[in-house]
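The following pair of complexes shares a single chain, chain A, combined with chain B in the former and chain C in the latter.
Now for the complex of A and B:
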């Protein structure tokens, strides 16, 4: 109140003095004063008696602002750290195999990376300022624990930036001979530094959830103990894979959007292929992601039962039903894209594989139905009475981990087989052992599926520890075994196979592009969802069990209001990425327009507007 | 109807199965509408995915819908088109009204069954040795204090069970106590329904606060008796 009084005392005499200058000035000042009012709300708690512990900001609130900025920074960082992995792999494939189009693709990925890199750093800087301003006590504590790793992080950032500049700007100059080897080495270094740039801040975040605090020892020893906390490596692995998935799907979405808007057949072919590679990378990571997630949750449960139950059985457990839905859509979207590829890129294959696609689709939907069935159901009083509680007597068994693990493994197997089907389409085996090879692969697949289901059902009748430590692990190992057996066998078979139908790039329908965009949105939503889950699992602690949150925001936001922030972060991130990509490709578009002229393009209708090469060729 | 016929029949068949067949399978019960809706959405998604896999199937699937909604010279279907165009928004409006209007019915619940235990209860180890005598004694205590609700067969069907909504937990179900550590059961028995944390409300539990009547040792023995009687094992990490 005193601040308002003070403000009024300052503003009113000024207004009286300025009355002669006209009403507009008074209005302007009034407006400025009104806009300045929130500054009163930027209250500092703890003033007077001791050091400031928290600061707040009106309307949005400090917690929400930090949440949004942190989430955006994390999403951008995920993209920036994920893309170099497969950009570099593409470059290596081009370098060793001589396929120039992979080099072009790697360069295009890196172009997206350079423009996203600065924005990531910018959001990181904003986040740091906000944290220091809003949570000085916490930041002071974390600085005290992690000071040596702060310095290391700065050094890593310098090295990463320098390497990225050399990698990107030296691309054309280092194309041949030993220079190319040096360029590939730079790509390796880029990923090496990127890995550490990810795992160092992961230590800070995981320390907040599962702290290891030692009071004795040097600053380095204390920082090292805090870094090596129980959830550090599970998070590192989970994020590394998730970053590849995010990067793959975003690059896929970029290719999808470009595919929908480009006009020349050459561009269509290129972006169709790029979309395929993006989707493949996303799927490749997605296959491994549930394993990493399971390990992380297991470590959390083992570290603290309370936190584990809050996440998986308590009030956050509903998030995992939403997670199942999002992952399910992702699996469906990725498989749909593979199946469209078989139909449109390999003419004549549809009739051969349509039945298989139908069964795969039914199996995927069945698995998804199991995954999405909650243990405790949303039911009215009347419905709950009829069921005899919140659990359905028959379908309730689908709500626990044994069922979820089984269907997630089966969905991974189905998706893998979709890819194998796509790989084999349009080719005829000529090897003498082809029949035997296919029989062996079929047997492996069937036996593995049966084994996964049997272990899943058996899991209900053994102690939890047997299920977690042996059955679930065995299911994962079985799926890995299938992938590692069928992949080389298929590759061997296809080595001698005759191509009956050439792959036709650039012939996918517009919905293929849209499904790529859908996949990217699903991954972003998933990451925002899990960001909320991870932070909220700490409940009212800044550092779990060590430093309590004493701010007015020491409560977990309800799932409904949290979902609004998640949706906003997803939307804003998409806008941001669209802007970055627009800026990154501005030069190319200008060059393309100047080079040939829009009117001279052979097939002038973009795919989004219904243009397809076949139609144009017919015309 | 052409290619539209099969999807419509499939959707209707799925609804009939979920609503009128599945509940009558022995051991089953009627499904809540939220679950029926979820499964129908999945079925509809599957239909759309399958029907749009190729240009021909897409045209066969969307063609009749498009013609019905936008085509000219559709004859007698014209009236049906206007009917759909009027009724569909009304249906959406009715649904929206129904889900937001005040009602005398209690709201649909998304109840959290396993709230997180307080820190002081996590990691507690059962201090009572697992001997046959102690387990027998635990079963005796169970029979005296717990079985009226949770049942002599540990199946949640005690003589008093019918008086409670939700029904007492069925320990023989592998998705209940088998998922939990002994320390969790100790907390729930000791503190009862009134001791549940505020987060994740609304709580509905008639479980008595047994700490007022039973010593800790008896509670630990009851836990052993429950697991043994229900043929389940507690969750452990070793």
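Now for the complex of A and C:
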């Protein structure tokens, strides 16, 4: 009997018998496992009966090791793909608006890319080796299906690398005139190739969840059919937005940490402003992310209802309560940062907006409480008998999708209004139509909120299919409508507005820095949590319904033990990013110590904050 | 000490470690590390506070056909399949249920014949029984009953017959599935497959 078979016959029965959930021991022995890497193959499946299907590694187990490396690779990839979007947006703002500090910020982050890119590729390489070593049968199958796209992926990597080198090393040489235009185009190309570098492997991953297998046709036709599977584009869009969010919040966290440690006022101003920009871009993406998530889940349900139920109503259902908590904290953290900005950066505004902020906080907490309400409560038999079932007579009403969709949309609206409030703080309207404009915006907001709530309540009285297809979609469209109408109206209104209070950078309290760090940790945790969810939704299949997982690890651990691995991945990723930042800025510190200094530091109010650009900053 | 309690202790330790750093260390980077440790520890504690459910692959239960003596034995196996490998209870209930997403199967064994039930399980779209209202015309995707003799569920003929026996028993009907209907494994070896176009094609699932 092979070692793998022996493990299968010990691990799974022990889980069944002991009601154990697996993985906790592994989480304690991570360090030992790294040392045990050379012993891969010790537990290779028997050699006489046919080709090897699985190999294992002592202590940590092959599945846990692949889980950690894959998660770290994915987080790094999200960072490496998110930062160029962030940097390019900043460069375009500087290019079109003339504010040099945005160009400086873009350069500062592009500098990270070379080392971050190498680290991501390193983890990608390790992941590939581990997959080939541990799952030869699966990799053989996937190679057979996706062979043409492997070649495309290699080509894309070459193009991306060449473009990155040109973009980074040509930064100073391409600063003016047509060369700058070319540089901006290179930034676009970098993101264009990066998008394809993301969506090609997304096809491999989504194929495992929602496979489309055709047995006829050329290798290209089979690969194309497998690529264009039902969850491919929902994942592509979801990950693209999530990468922007990750890039923005990590920028914010970096600025937050630096803000806490720097001494000079100039540096405090610089990192305060950087934190603001990072948080703004993070929130900008965050507002759209739930829509993309909703679409993805809808596609999963449509592809296979059982998989949808496993996620939302089966053993993973409690995961979505934890997800609600993390998203809720992220919304609270982002709003809190805006409110701190109003209070400390725009003196005198606090009194004007204090009441509104209090109501927003209460509303957000109420929405979060509803979102976190489980459908079925954990109750003893006596408690369940008193309640008349697992559903609480009152709270049970809040635990359904109709209520959760409503509050998530309201939270997006509140966060958007926090931003608008911040944008408007310290300005006085001078336009003749200002009164009418504000009345229209107020009416849009109030009517939209009422409409979202009415649809939510109405959703209880219609069949689920009507609610999902029409009501939930309408709620999303209403919120998008609000964002798309109020944003340009506010921008138009503030174009002619008079600045009554100049924005003061560098005056935020230390808790602002910690809130930026908290936001970044929440986003990373969310990514690790949903990675576990997506992988677990395939249950005991490598390729859902096509290739069964027959290894000893064909089970999904319980959320508690999985959370420790997620926490480890998050922590390790944070350390890796801190290391990348440290390495990338080592030269700057040396230069600064040598007297060359930091050069220009930000002054005035950024355009995105609604302030008039400083004339001295125009290039 | 249970596994969950051990994990809670570890998580509490992480939170405590973070608190100690914040209390006694001045260096900014380490303080931020301590803050992150507190957040991650609290996340794990929260995750450990919800019901802990692992998802195990369906156990490969080998049924000894020779041990089945009566239709009631078949129904007992069917009950096990209904709630485990068959995943029927994921959507269906037996009796009214708030959380059921598909038709209530109470009394279905009295309402439909054995053959009809078999067809409904293996070829669900062959005849859509107009008893369950979906809220409109059935669409291409939503809430379709899967063919349960195919992957990912992939019940064998014997398992399907056992589920039918269980449904009949639940409806208070005499069980029409006989022990002789079950296939003995050695007799169910697939017939040789001939080239495409041949009249003789193996189909292990054909009733």
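Heads up, the rule we're going with is that the second predicted complex is superposed on the first by the 550 of 619 C-alpha atoms of A that agree within 3 Å, B and C clash if a C-alpha of one lies under 4 Å from a C-alpha of the other, contacts with A are read in each partner's own complex, and residues count from 1 in each chain.
Methods note: a residue touches a chain if its C-beta (ideal position, glycine included) is under 8 Å from a C-beta of that chain, and two chains touch if they have at least 3 such contacts.
In this text the structure is predicted, and so the values were computed from the model without any measurement.
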Ask   = After the match on chain A, would you call chain B and chain C a fit or a clash?
value = clash
Task = Have a look at where A:587 lands relative to chain B and chain C in the superposition and call it first, second, both or neither.
result = neither
Ask   = Given the touch rule stated above, what does A:461 touch, chain B (first), chain C (second), both, or neither?
value = first
Task = Return first, second, both or neither, reflecting whether A:340 touches chain B, chain C, both chains, or no partner chain.
result = first
Task = Would you check which partner chain A:509 touches, where first means chain B only, second means chain C only, and both and neither mean what they say?
result = first
Ask   = Is A:260 in contact with chain B, with chain C, with both, or with neither (first, second, both, neither)?
value = second
Inquiry  = I'd like to know which partner A:369 touches here: chain B for first, chain C for second, both or neither.
reply    = first
Chain B versus chain C as contact partner of A:397, first or second or both or neither = first
Query = Is A:525 contacted by the first partner chain B, the second partner chain C, both or neither?
reply = second
Request  = Name the contact category of A:358: first (chain B only), second (chain C only), both, or neither.
outcome  = first
Inquiry  = Can you check which stretch of chain B gets into chain C in the overlay, out of 19-27, 55-63, 91-99 or 181-189?
reply    = 181-189
Note = Intersected contact list for chain A, partners chain B and chain C 302, 304-306, 309-310, 313-315, 318, 375-376, 378, 389, 391, 462-465, 539, 545, 556
Key: Parts of chain B lying in touch with chain A, wherever the complex brings them together   = 22, 25, 27-35, 38-39, 42-43, 45-46, 49-50, 52-55, 58, 105-106, 108-119, 122-123, 165-167, 173-175, 178-179, 181, 183-184, 199-200, 233-238
Request  = Report the residues of chain A in contact with chain C in the complex, numbered from low to high.
outcome  = 12, 15-16, 20-22, 24, 27-28, 257, 260-261, 301-306, 309-310, 313-316, 318, 321-322, 325-326, 375-376, 378, 389, 391, 462-466, 514, 517-518, 521, 525, 536, 539-541, 544-546, 549, 554-564, 566-567, 570-571, 574, 578
Ask   = Which bits of chain C are touching chain A when the two form their complex?
value = 3-4, 6-7, 10-11, 14, 28-29, 31-32, 35-37, 39-41, 43-44, 46-48, 50-59, 87, 90-91, 98-99, 101, 133-136, 141-144, 146, 150-152
Message = With touch defined as at the start, can you tell me which chain A residues reach chain B in the complex?
response = 302, 304-307, 309-310, 313-315, 317-318, 332, 336, 339-340, 343-344, 350, 354, 357-358, 361-362, 365, 368-369, 372-373, 375-381, 383-397, 399-400, 460-465, 509, 511, 539, 545, 556
